[in-house]
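Below, chain A partners chain B and then partners chain C, in two separate complexes.
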Partner chain A sequence: MSEALRQSLDLALFWEYRFVLFGGLLFNAAIFACAAAAALVLGLCAALLRVSLMRPLRWGGTVYVELFRNAPDYVMLVWVHFVLPLLLGLALRTRIEFHPFVSAVVALGLVYSGYFAETFRAGIQAIPKGNIEAGRAVGMSEALILRRITLPQVVWRMLPEALNIFVSLFKATTIVSLIAVPDLMYRVSMVTQQEMRPLPLYTGAALTYFAVILVVATLLRWASERWRRTVLV
Partner chain B sequence: MGNWERLVWNQRELLLSGLNVTVEICVLAFVGSVLGGLVLCLIRLYVAPLRPIAILLIEFFRATPIFVQLMWVNYVWPEILGWPNTFFTAGWVALALQSSGYLAETFRTGIEAVPKAHREAGSSLGMSRLLILHRIVMPQALLTAAPSLVNQFTVIVKSSTLVSVITVPDLMFQSQKIVNIWYEPIEVLTATAAIYIALIFLVSQAGKYISDWLRRTFGLHA
Partner chain C sequence: MNEAPCIRVVDVHKKFGPLEVLKGVSFDVHRGSVVSMIGASGSGKSTLLRCINYLEVPSAGAIYIEGESLGFQEDAAGRRSARPLRDINRMRRDLGVVFQQYNLWPHMTVLGNIVEAPIRVRGLSRKEAVRVADECLRRVRLSDKAHEYPARLSGGQQQRAAIARALAMRPKVMLFDEPTSSLDPELTDEVLNVMRELAEAGSTMIVVTHEMDFARDVSDRVLFLHDGLIDEEGRPGQVFTAPRSERCRQFLAKYLK
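Up next, the complex of A and B:
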């Protein structure tokens, strides 16, 4: 038993494969960046639909948000990777296959756009009506009002919540190993099959993610608080 | 519609047995995470010598992805602790760990939101610290925490899909098994996604209703 404990804390094996394993971490980062960009854009669109004055658009936005916000990441990932290409193929009468990387970005982007939409919406609805009316009164177009008056305030308001969603999204990128994107977890399981020593490898992976997420999240929260204090009261 | 009948309706027993396992594992994980979160939070607040350990554990559980924790509990714990000895146990324990970290922080916010005067009123009446915690602090803290508790349950249901990876026969596992028999994923996976979305939607609506009702009934306006 103590032998097992010593083995799991002996991270030399993990260190031996450091280049392979940390290369996997880059995949996590790349998928995170692409999915976060997609989720922000889609989330903003969905939020604008939800606060739209036209009822069908509002309903459309609500259905979109409820659908993706309530879908588990893993189910969505499997569905996008195995079902969506077939459906598209049937519609376009060709054979389509998604690269695992694409599936991962699409699935995570969709799921997290649902979360972002709710945060954006709360931010938009918290803006006093007078601000927007003032914009109209000086002759600004709706797009200009969105860009110059609404969005800056929304970003300021939603930043802490958005950081939490970003952390969740980064954590969710670990499941892309299940559709064979060669991220850190995928490489850990490959090395495990070769070395037959899961203890140090999985412990090392857990500690790596722990350190990366804790450090990056703490820095981002600190920076965002500083920025929020300097920009507005 | 023939495919739907063959691949989904005729497989309903398999899918329902999977749903059953999903529900079991989620309930166990939720109970475990509430107890674990409560213990971690109370240690963090009231047991000074163990506080750094509690903080470290809370941060570790919160900052590690659930999939990584699942693999870690499943492969590493049995070697070190000799437990958990089944995939099912490893599944719910991993889910409970992750959520206990979050719930510990939720409970702490709830406890710290109780005005100090309430505690002082209790001790001026001669109540012991344990009695104050039990009768004054916890009821209010739990009411404050109710919406987050509900939210955490939906997170558990979402994460529970991952236990299929360590061969726990939950809904996701069974549906992938059906896919691997027929190699026709469209109907089965779409139905599975729909079941999960509906389940999580219902759970969150019901939970919202219950926590609103609790707050109305016990007069906490937040």
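Up next, the complex of A and C:
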């Protein structure tokens, strides 16, 4: 076994820094949670625009979705962190700076809201019209119909696809180190500069992400399929 | 029958683009009576039923529920203005609708389907709503299926669950839109029997149907629609044995052999 390979697989150094590094993983988790929440809310709003009966609203929804769905994560991150504060500062005539954590959440939230919007839209359009009419016929308001009849069924339909998007989003959180959010990858880079032994550190980071995503995604898929099977649509 | 009609339909027109489906239909439904609407496919009977609770908004004309206009309100000076959707929703609670395709909510159990509107629209407590639901399920003989999801039920059971869901709102009038048209013949009777019992118990019902036996035996009045107009109306004995309209006679001849 070559020396380089032996070093790559010797995770003792990674383990030595485990508290610092896993602390970074919490940042990934926090950014993921905040960006996912933002993406779901914005995605639902965009989807409702996309299925609106009013044409200008539909157009607005389409522009929103295409804009953010087609923006690369990294470009969006840099743009939100460096350009957006400048534009806002000009508009409000004040100096604005975003905390890197905020920029990360906004950028990833926007990009992934584009994906969620399309998943929501497909889910909403797949619901039989009769379901909605049955709600109207018993005097339910449109908001109540959305909350009690449409959304639960949309969630049922979109769960498998949504889990895939969540996995992509979690993976995308690893680029936030580029704007100095102290996540796992950022801390690995820092430790590497100290120790000058990048191989075990990056291998450790790769295995950690892999294990976390595999375990969490598998558990979630199992739970979601179990729930989906009890409710046959 | 001197009291005000439970439902009054006045000169209702309905257009879909250039196509005029209803061309001015008027009739009254009195409390406790059963009115059947028959006619060929495309005659406008389902559209008419859907206009009665504003699932389709009439292009012209008016619907009155116990004297109150469903689509319009009048101020003290007699000026008419469109009713806000909130008011229409409030009035819809008094009209139970049973659809051809059942339209049960698939993500809720039968019980969940039945208690949903009483709790969230009528504001009943869950306990009270479940008590009402149990009573409705007994009426449609479906008590043993309360905790099943709709997809696990036969078509007939789903339609009876849908009837229970409508009954649980304690509507003043039940509207049935071809309730047995999606059912296999052997499942039709279980739904029709439930409807017969509702009629015998004094429910006010408007039934769009192709079941001529039901229309003849259970209705107080029969309306025959043709081309967006009421072409024949009267007591079932008269409509089925001595129709004045030639088209009605031809239509019935196909069904009653």
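One rule holds for everything that comes next: the second predicted complex is superposed on the first by the 231 of 233 C-alpha atoms of A that agree within 3 Å, B and C clash if a C-alpha of one lies under 4 Å from a C-alpha of the other, contacts with A are read in each partner's own complex, and residues count from 1 in each chain.
In the analysis below, a residue touches a chain if its C-beta (ideal position, glycine included) is under 8 Å from a C-beta of that chain, and two chains touch if they have at least 3 such contacts.
Fair warning: this is a prediction, and the values are worked out from it, not measured in the lab.
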Partner chain in contact with A:L169 - chain B first, chain C second, else both or neither: neither
Superposed model, chain A: greater residue contact from chain B or chain C: B
Partner chain(s) touched by A:I179 [first = chain B, second = chain C, both, neither]: neither
Contacts of A:M140 with chain B and chain C, given as first, second, both or neither: second
Chain B versus chain C as contact partner of A:L40, first or second or both or neither: neither
Partner chain in contact with A:L159 - chain B first, chain C second, else both or neither: neither
First (chain B), second (chain C), both or neither touched by A:L108: neither
Chain B versus chain C as contact partner of A:N131, first or second or both or neither: second
Footprint overlap on chain A, comparing chain B with chain C: none
Chain C-touching residues of chain A, taken from the complex the two chains share: 128, 130-131, 133-142, 144, 148-149, 152-153, 156, 230-233
Contact set on chain A toward chain B in their complex: 1, 4-5, 7-8, 66-67, 70-76, 78-79, 82-83, 86-87, 167, 171-175, 177-178, 185, 188-189, 192, 198-199, 202-203, 205-206, 209-210, 213-214, 217
Interfacial residue positions of chain B with respect to chain A in the complex: 59-60, 63-69, 71-72, 75-76, 79-80, 82, 154, 157-162, 164-165, 172, 176, 179, 185-186, 189-190, 192-193, 196-197, 200-201, 204
Of chain C, residues touching chain A in the complex: 53, 55, 85-86, 89-93, 95-97, 99, 101, 103-107, 116-117, 120-121, 149, 151-152, 162, 165-166, 169
